[in-house]
Amino acid sequence: MTAVLVVEQCLNGLQLGVMLFLMAAGLTLVFGIMNLVNLAHGSLYMVGAYLSVAFLEMSGSFLAAVALALPATLVVGMLVEVVALRSLYERDHLDQVLATFGLILFFNEAVSIVWGRAALFTSVPPALGGFVEILPGIRYPVYRATIILVGLAVALGLALVVSRTRVGMLVRAGASNRTMVAALGVNVRLLYTVVFGVGAALAGLGGLMAGPIYTVQPGMGEEILILVFVVIVIGGIGSIRGAVVGAIVVGMVDTLGRAFLKPMLATVLSPPAADSAGPALASMLIYILMAAVLYFRPQGLFPAVRG
Amino acid sequence: MASRVRAVTAVAGAAALAAVPVVAAALQEPFYLDLVRRVMIFAIAAVSLDLILGYGGMVSFGHAAYLGIGAYAVAVPALHGVHSGWLQWPLAMGVSALAALVIGAISLRTSGVYFIMITLAFAQMLYYLGISIEAWGGDDGMRLARRSRFGGPVDLADPYVFYYVVLALLLAVLALGHRVIHARFGMVVRAARSNEARARAIGFSPFRYRLAAFVMAGAVCGLAGALLANQTEYVTPGFMHWTRSGDIMVMVILGGMGTFVGPVAGAVAFLLLENVLSAWTVHWQIILGPLLILVVLYARRGLWGAVSGGSLGRG
Amino acid sequence: MSQVLFGVSLRVGAGQVVTLLGRNGMGKTTTVRAIMGLLPLRAGRIELDGRPLHGLAPHRVARTGLGLVPEGRQVFPNLTVHENLVATAANRRRVGAPWTAEKVFALFPQLAARARAMAATLSGGEQQMVAIGRALMTNPRLLVLDEATEGLAPLVRAEIWACLERLKADGLSILLIDKHVDALTRLADVHYVLEKGRVVWSGPSAELRAREDIQHRYLGV
Amino acid sequence: MADPLLEVRGLRKRFGGLVATDDVDLDAGEGETLAVIGPNGAGKTTLIAQLSGDLRPDAGVIRFAGEDVTRLDAPARSARGLARSFQITSVFRDFPALDNVALAVQAHAGHSFRFWRPAGADRALREPARLVLEQVGLGMRADVVAGVLAHGEQRQLEIAMALATRPRLLLLDEPMAGMGAEESQQMIRLLGTLKRAHTIVLVEHDMDAVFALADRIAVMVYGRVIAVGSPETIRASAEVRRAYLGEAS
């Protein structure tokens, strides 16, 4: 286990964490202010990935694909909110789970009708190809480094919007008391639709960036969605800060566990035992972490203030 | 009045299920035998989920985990040459109960949306665990060399015998569930769902009772998993995939939760719908998805609720 | 949903301070919620300057110029004092000199020092001031206060009354729910007494002061 | 005087900047009815919640029948004989009235890990429940689903559930809230009959009820108990009038 490998895996963990954060931000905001459990958030991630692939093929330009796919995902998100989810805010979580489960089935099938069931592969845009020397002797793919930077920039921007702007104040105020926000003259319905759309666009951004490094296929949203649930449970529902911390922690633990658990076990167990126990344990690591966090803090690390 | 309608429908349903093999034999369509057996196995799983979801208000989104555990509890001993159902099936129920005990003890510390996410996450953990265990076939799973062996006339290789075993177990589970839910234990679980603060104020600590119900539901679903392994004669981590948990939950809601016949009716409706729609188009889920949303928006009490006028928490 | 109000009629003239009086559970808060569009009406009309408000969504009602100071204050606990004031601020009627956070701080000097504090950490009196300031920042024509002095210490209460006096002097119309008859007869012009969802008495302050029987029977004084 | 049944010392609870109960001392002697009055927001419901175990105090001690129960949760306190009613009606809405009360009986009849015998045919639960229902005047309504009972009846049902736990102390949080005049009179009569056999801590706004029932009255304002005394002394106290009835001067 060399230092280079450790640094590289840490960066990979950070990169996964950043992707998880893009998903978690929308999900936690939507839950925090609208009290809506949206299982279909992963579908929006998938829609973002497919749309960017489609736009890339049409335009041939990565930038154009980004410029088209993000607003398109935003619109898809707002449509979903208006058509299917708006009337579910007052319902109990079970109804929300069921309806958004229905949405997942719909979206997964819809993309497989349009693009087929087979995975699509896209390549890293040429401008972001190659490697960059991050530390002396440590080279890291430019594309993955870009994801980290974009993700951190979005996190920072989102934190600023939520903490400094009027819209951010309304979002926080709505989380604690939506009736009062409405009674003071704010169109809460519209606010919700916009917030939902922005959450969708962030998920779409995640999907868009995921395209070239993971596979684009129906159901890709759910795999990451469940990781995102773990993120949110660890971080505390409704808290942006919790989403950041939870995402980085989960991204790191998962990546490092998969990379190093087996060799570490090999130092104490026999090689065949380590071979079989390593991957099994690595796949369970974040869930064990979640259980541990819950045991000590059932509300997550950063429980959101609610009125 | 409503209770009479319910009783009549329930008896008629049981009689219809008992008649299926006869009809299938007469029509020379063994496929129906297979299909209805599968329906009944999922009905057992759905009934077990309804025990905690409908009566206990615990929205467990990881119920397929026990289905998978039960199935592996048949396939893993079989892999090592142990085919006795007397060992496999109690093992399925025991290990499922143990898993439910651990998962429940952690997730019942929370409530609401946390509970949903945590149960989902734990089930998904077991799914990935299944994938990562190469010795048990990893992603591909295992073929079951032969069905569980019980000796005597109970030979599951005979599709008719297997059918009636499943039917008997379904009826037994329904009967047991009915007793439990109306006994003191069931009253506490239902009361805690109805009004937790009130339940605590009159002196109940809901946690232990909920956990016990959670474990019972896990064990019964583990049994359904053992049956499912025998039904399909192979086992994969896919049994535990979260969409499977979603399917079981849909069956319960579709049929009408908090009732006894509801989950059975839901399993029938769901699997028949799947059968009909998938014969029509491979993209049948594009119809099922919006259908689900419509059910949630406009038919919350489910099929059985609409038929019998039964309502939540009783029946 | 059971019926709680039975044919309640009341009017607030421009620049007037009007009160709704009555014991707990007599329908005062329900009346306010109905006016604000937070509860559906079974029958009846609500108008502001002749424009109908009934049937409008709460945010539309508020935008016509109603500023609500709700029962129990309901400040946003996870926002700072300053954020509470500016988050929903608006000048939809384009008044010449709109309310600003500075003006609110001038009205309640003790809030200025706590501008950056989370509203959850304020005392009850300070939270009440935030709630009033927050409503003022929407530049309403009619300020609606539901139990604005409930549970406050006498000195703080006096400060709230004094603030309302000043707002009245500036020409703001005010609809007030409260229990402190003595203070109200000094501040308000007209009173409506509610009993079990009906207006059982209404009249000017001088008359209410004289009618000790009304005060005893319906207000429990 | 013998040791009081309920003894509260230095009870304190804050919510952010709000002091809901501020150094509260209270006693309720065996068989006594103690009324707690005060304006809304004075901290009365918070006090009840701390006495019943639904809220944990920041500081202070609650002793019940000589035992320190400060750290016990609500079910544990219920087991020791502390029963409460809620300000906002809280019943099992989808169960019949009789089942509501039978559940309360069941909660105090040993553990409920009994999986076989139908509770609905269990005379050990149904008989006492029926008696209590009759005691509060709901005997004829036993089979009606609680959610469809009239508001006043639901409040009576709450009392019945509290009684069915065979409590030593009843904590009643505004039992008359939202009642019409006639229903209130009925409730006062009911509480009047209970008063002889039970110790009661009563939070109430209805002064008719308070003066009809209370042996002693505690006045709470801004989280503090500013006066405790007999109804006559409380009625006469200028301080109470000023704080509670709102003369600002």
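Lettered A, B, C and D in written order, each chain numbered from 1.
We take it that contacts are C-beta pairs under 8 Å (C-beta built on N, C-alpha and C of every residue); 3 or more make two chains touch, one makes a residue touch a chain.
On a predicted model such as this, the values are computed, not experimentally measured, just so you know.
Among the other chains, the CA centroid farthest from that of chain B is the one of C.
With centres taken as mean Cα positions, chain B sits 31 Å from chain A. Spacing of chain B relative to chain D, judged by their CA centroids, is 43 angstrom. Mean C-alpha position of chain A lies 48 Å from that of chain D. Under the contact definition stated at the top, not a single residue of chain A touches 2 or more other chains. Counting partner chains per residue, chain B has no residue touching two or more of them.
Viewed as a network of touching protein chains, the structure reduces to one closed ring of chains, two contacts apiece.
Touching pairs of chains, sorted by label, consist of A-B, A-C, B-D, C-D. Those residues of chain C lying in contact with chain A across their complex are 36, 38, 57-59, 61-63, 67-68, 70, 74, 76-79, 83-84, 86-88, 90, 92, 120, 134-135, 138.
Every residue of chain A that touches chain B in the complex is listed here, in rising order: 31, 37, 84, 87-88, 91, 93-95, 97-99, 101-110, 112-113, 222, 226, 229-230, 232-233, 237, 276, 279-280, 282-284, 287, 290-291, 294-295, 298-300. Here chain C touches chain D in the complex through residues 2, 23-25, 72, 77, 118, 120-124, 126-127, 147, 150-154, 157-158, 161, 179-183, 196, 220-221, going by the rule given at the top. By the touch rule above, chain B contacts chain A in their complex via residues 53, 59, 61, 106-107, 109-110, 112-114, 116-118, 120-122, 124-125, 128-129, 131-135, 242-243, 246, 249-250, 253, 283-286, 288-293, 295-297, 300.
Residues 52, 54, 73-76, 78-79, 83-84, 86, 90-95, 99, 102-104, 106-108, 112-120, 122, 125, 161-162, 164-165 of chain D are the ones that touch chain B when the two sit in their complex.
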